[in-house]
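Quick one: this structure, given as structure tokens, is what I'll be asking you about.
Order as written gives the chain letters A, B, C and D; numbering starts at 1 within each chain.
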Amino acid sequence: MDLATFLIQCLNSLQYGLLLFLVASGLTLIFGIMGVINLAHGSFYMIGAYMAFALAPAVAATFGGGFFAVLVVGTVLAVLLGYLLEWAFFSFLYEREHLQQVLMTYGLILVFEELRSLAVGDDVHGVQPPDILAGTLPLGDVMTYPVYRLFVSGVCLLLALGMWFVFTRTRLGMMIRAGSTNREMVQSLGIDIKFLYRVVFAAGVAIAVLAGMVAAPVSSVYPGMGNTVLIICFVVVVIGGIGSIRGALLAALLIGVVDTFGKVFVPQAAGVLVYVLMALILLWKPDGLFKAA
Amino acid sequence: MKLKTLALAAALVAASTAHAQGLPKLKVGLMLPATGTYAALGTAIENGFRLYVNEQGGKLGGREIEFVKVDDESDPAKATDNVNKLIKRDNVDVLVGTVHSGVAMAMAKVAKDTGTLLLVPNAGADAVTGPMCAQNIFRSSFSNWQPGYAMGEVMAKKGHKNVVTITWKYAAGDESVRGFKEAFEKAGGKVVKELSLPFPNVEFQALLTEIAASKPDAVYTFFAGGGAVKFVKDYAAAGLKKSIPLYGAGFLTDGTLEAQGADADGLLTTLHYADALGNPKDNAFRLAYAKAFKLQPDVYAVQGYDAAQMLGIGLAAVKGDVSKKAELAAAIEKAKIDSPRGAFSVSKSHNPVQDIYLRQVSGKENKLVNVASKALADPGRGCKL
Amino acid sequence: MTMRAPLVFVLACFGALAALPLLTGSYGVDLVTKIMVYAIFALSLELLVGAAGLVCFGQAAFFGIGAYAAVLLSPASEAAGLWWLLPVSIVAAALYALAVGALSLRTKGVYFIMVTLAFAQMAYYVVHDTPLGGGTDGIYLYVKPALGSLIDLDGALTLYFFTLASLAATFVFLAVLLRSRFGRALAGIRVNEQRMRATGFSTYPYKLAAFTLSGGIAGLAGFLFALKDGFVNPELMSWHLSGAVLIMIILGGIGHLRGALIGAFAFALLQEFFKSEAIFGAFAKHWHLGLGLAIIACVALLPRGLVGLPAQWRERLVGRSRSAAPQEALNEA
Amino acid sequence: MKPEANGNDAVLLRGRDITRRWGGLVAVDRVSIELERGSVHAVIGTNGAGKSTLINILSGEIPPSGGSVELLGQDVTRWTQPRRARAGLGRSYQRNTIYPTFTVFENCRLAAQARSPRPWAWWQDAQRCEASTGAAREAAAKAGLETFLDRPAGALSHGQKRQLEIAMCLATAPEVLLLDEPLAGMGAEETERMLALLEQLRPGHAILLVEHDMDAVFRIADRITVMVNGCVIASDAPEAIRTNPQVQSAYLGH
């Protein structure tokens, strides 16, 4: 493997790591910081991808918006969806055992999968990136690199910075983190914890749906896509250390490297490597890389 | 005493009329995916099957057809139960299914144990018409070996010498690449590198970079559904499309062209069907299908349609009496099936001996280029039929 | 809830299961055999989650090892001896559980859940990607094992009663075990591990023993699954099955052995109900929707799972007269 | 395990130069302490003086950064907490660590079971194990809980829960008792009953008492050690401690 190829592979692992963090970001919020075991995270990601596909004609027809208009409309819808979901299905679950949340979100996976099949059918779809991001940059003599993947990586870094800033440097972030460690205490301090949780849950769902929409041109849109990302998202959040944004980002990059170079150097064991990595990290540091930030 | 004779007489009359008017309804068990990634394929197969039955006025071999459906969820762990549900609870006379190879293997075992007639409308696992072949198991689709082998011949003829193959690490991918390698190396070509990634991982960047690094003459691939859409788009986005020609089994571009858009233009694939074959049977089939289902038919619809044809031929030969298994099987083995893909007959191991076409993508359609392999028969290795 | 009510319920269940083959056709026998296999599988997880408070998300690996051992170790053409094949399959699953437990019990809570998932995925990929397990299309068990001429497990009815006997044996064994010193120590570890260590229990060996035992029982369930279908496939070890069995015991109600029984039957019968064309016609295709809504209803209305239903009704009818916290100490069954 | 010195003033538990550092902070700084059979040794000090850390090191829950711990003549510095508990060291906690969903009797029986765990005997019903049920009834009676045996522990009053904590300690028949603020949050009448219980336990056991209730401490302790910021500033009989100038300025504040 000559140097040029090695550098391109590093770029590939960096880009996959950032994409992983983007996809798992909604989960770092709902599961990482709020402590809700949200198996339906994959479904939100799928909803985002299908929104990017299904909303495009509708948005174009109503006020002629392009890809970015779809992102805005989709995110607003997602916040509403998240708000309603929290009120209807999660508000009474916080005191209950974690396993009740597992059962509830398992039910939601089934419901979302079937509603998608009823609404949009079971075909495979593709989403075209917006024209200004549709080009490619030359990369070495043979390859070129799609500009859109750089945009995705950019969105991811922005999101990571934004979430890190909100949760560690603002009062809102402090309240949320306090709320997740001791709900009653924060309530007794006069903070309306019910409303706060609803807002944070809605934000978590919105980020997951946004990730689905942004990743759609790269990941394509097909039935059951939610399931394929679900486990890897939990791996990212847990390796990073539950509740730590920095940890999730580092974990995503680490998995990007292991998955990318694993496929190249150890193809027959490529499927296992990510899980070997997780087992090693958790056995070395049983609370993940960064204990709660 | 009088009452008993009356009852006896009535029974006799009922029996004779039933016979005159044909036996009771024939129950066909459709075990196809209704949920999950293969749901669209399940629907297409069912549409094709029902189209042929409707064309025959709802009767095959003089017997009215009643459908019993089960969603196999493409889950091998539930396969045996779903088949038992059809055979033991609904006591179907014929089993039709399925898409997923793992599920098809379980169905084949139950069919062999119970002797029920099984028509496989898609799953390409070589073993179904190989070690698992049986007198009562027929396939109307293909074996993974066939498209691969045909593309091996095509690429050798085109003068490619060093080729890289890439696919998921699962049975269908391995068998397709094996078929390709057999033909390509027989014709003097060399497979430089066999790349693979775990199923259903769709992160191809790393391996695309490997392809660019090893600079082969061409690439052979086997992907389907969402994976196929993503691979074709990533391959084009990585700039490889213009420098290293991409070939593949037909599933790379079948049912995915709308999603792939311009990235798929010009791709050459091999499959036993194409979008515009032009023969009269295909034109009639496409018209009827479009009218009935408001959709364009694809290879899966054709395979469903032909599975129904095979059943029709078999039943006609035994006048609807499914218990005459040997006669029914012999009839299908001898028959020439007038399929939209072109007439074909089944090999000794009950897999279609069919023309494999070379197709090229243009204008969101897989246009016919020429016949890659004429009447290509699956070797049926391991079949003792 | 006095001690008698659950006992009567469990005996009634086993009585009904014993009589079932007389009432239903061969499909019913097959379906219930499969559900009983999943009930044994659910009991193995109940021992871990309900009794010891260890939520394992990789139970399918032990189930799959039991199934693959049954097929790989059976000679191709003639019946393997049940007397050695069954124990070997159970021990194989238990050994992997011992190895996984020894490592994963160093972590706690959600991290433990994810480490067990990691080891299960490793087992899954070994079987999925290497020729060891016969590849992704799976392998066949042509001749089912037998115990001399006494038990030939090829017959559906023989297998039914053999599975019923295994389920009964597992249930009784676990009921007795949970009331023994070992069982009470597990319960103590679930409620307050710190107090257990302060009084002198080294908790790690207890948890490891429970994990290994649970793996062995899951191996038994996998063994019976392989016998019933005569076909094993890597999907037996996928996380979907680990998730499904976890859903069964939560649905049934955590903390009670009979909750695992109820959960396994409820989960399977709910699916049969929503899939049946007779009831839903064309909409049966979208059975996921019905099942999902039913599960959500269960979470909303039954905080203690299906097993808590009678107590909940009684409380609603009689009003919350009796002691608030259910007297859990003794009637663990 | 022969007691080192003669008669009942043998030293059952000795901590020598126990130190514990959390990064830069020194929570316990070279503290030495001895617990003799038949004597109540109280440790007092302001919050954050390192009392709880000391107890956790003696009980084996936290490994020391330096120094050693000797139990009944054996160096147990490396022993885990369960092993020390089985060797005769019982402890109670500041926050109630009981089994709220079990009955009071079952709480005590499970603690007593630690003496004869016999986990392999899976067929024997734990309720029929005379060793644990006998010890449990005895310990509950000693702690004054004999009338509450069938009630779930979660339904007890706060004082009764503190008594249960002691009962579970006694159920393991320890020789050394480490009690972390047993009187915390107790009314006058409950405090009297607890002090009577400690009085009753004194002859057979070496008791370490960490407590804030000064009256109780000066009434019951044979010896008092005062800790401030992780160091021992005085360790003497109660009267000497009351008049010790250092203690007055550092702790009693007058």
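Here, contacts are C-beta pairs under 8 Å (C-beta built on N, C-alpha and C of every residue); 3 or more make two chains touch, one makes a residue touch a chain.
From a predicted model like this one, the values you see are computed outputs, not experimental measurements.
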Of B-C and A-C, pair with higher C-beta contact tally: A-C
Longest centre-to-centre distance from chain B, chain (CA-based): D
Rounded Å distance, chain A centre to chain C centre (Cα mean): 32
CA centroid of chain A to CA centroid of chain D, Å: 50
Chain A and chain B, separation of their C-alpha mean positions in angstrom: 37
Shared interface positions of chain C, touching two or more other chains: 125, 128-129, 286, 288
Residues of chain B touching at least two other chains: 35, 169, 198
Chain A residues counted as touching two or more neighbouring chains: 113-114, 117, 268, 271
All touching chain pairs, where touch follows the definition stated at the start: A-B, A-C, B-C, C-D
Touch list for chain B against partner chain C, complex: 34-35, 68-71, 75-77, 79-81, 84-85, 88-89, 101-102, 105-106, 109, 113, 125, 127, 169-171, 174, 198-199
Contact set on chain A toward chain B in their complex: 1-2, 5, 8-9, 12-13, 15-16, 113-114, 117, 121-126, 128, 136, 138-140, 142-146, 148-149, 218-225, 228, 259-261, 263-264, 267-268, 270-271
Sites on chain C touched by chain D in the complex: 173, 176-177, 179-185, 187-188, 191-192, 194-203, 206, 209, 323-330
List of chain A residues in touch with chain C within their complex: 37, 39, 89, 92-93, 96-100, 102-104, 106-111, 113-115, 117-118, 231, 234-235, 238, 242, 268-269, 271-272, 275-276, 278-279, 282-283, 286-288
Chain A-touching residues of chain B, taken from the complex the two chains share: 35-37, 39-40, 43, 169, 195-198, 200-203, 205-210, 212-213, 215, 225-226, 228-230, 233, 237-240, 243-244, 255-256, 258-261
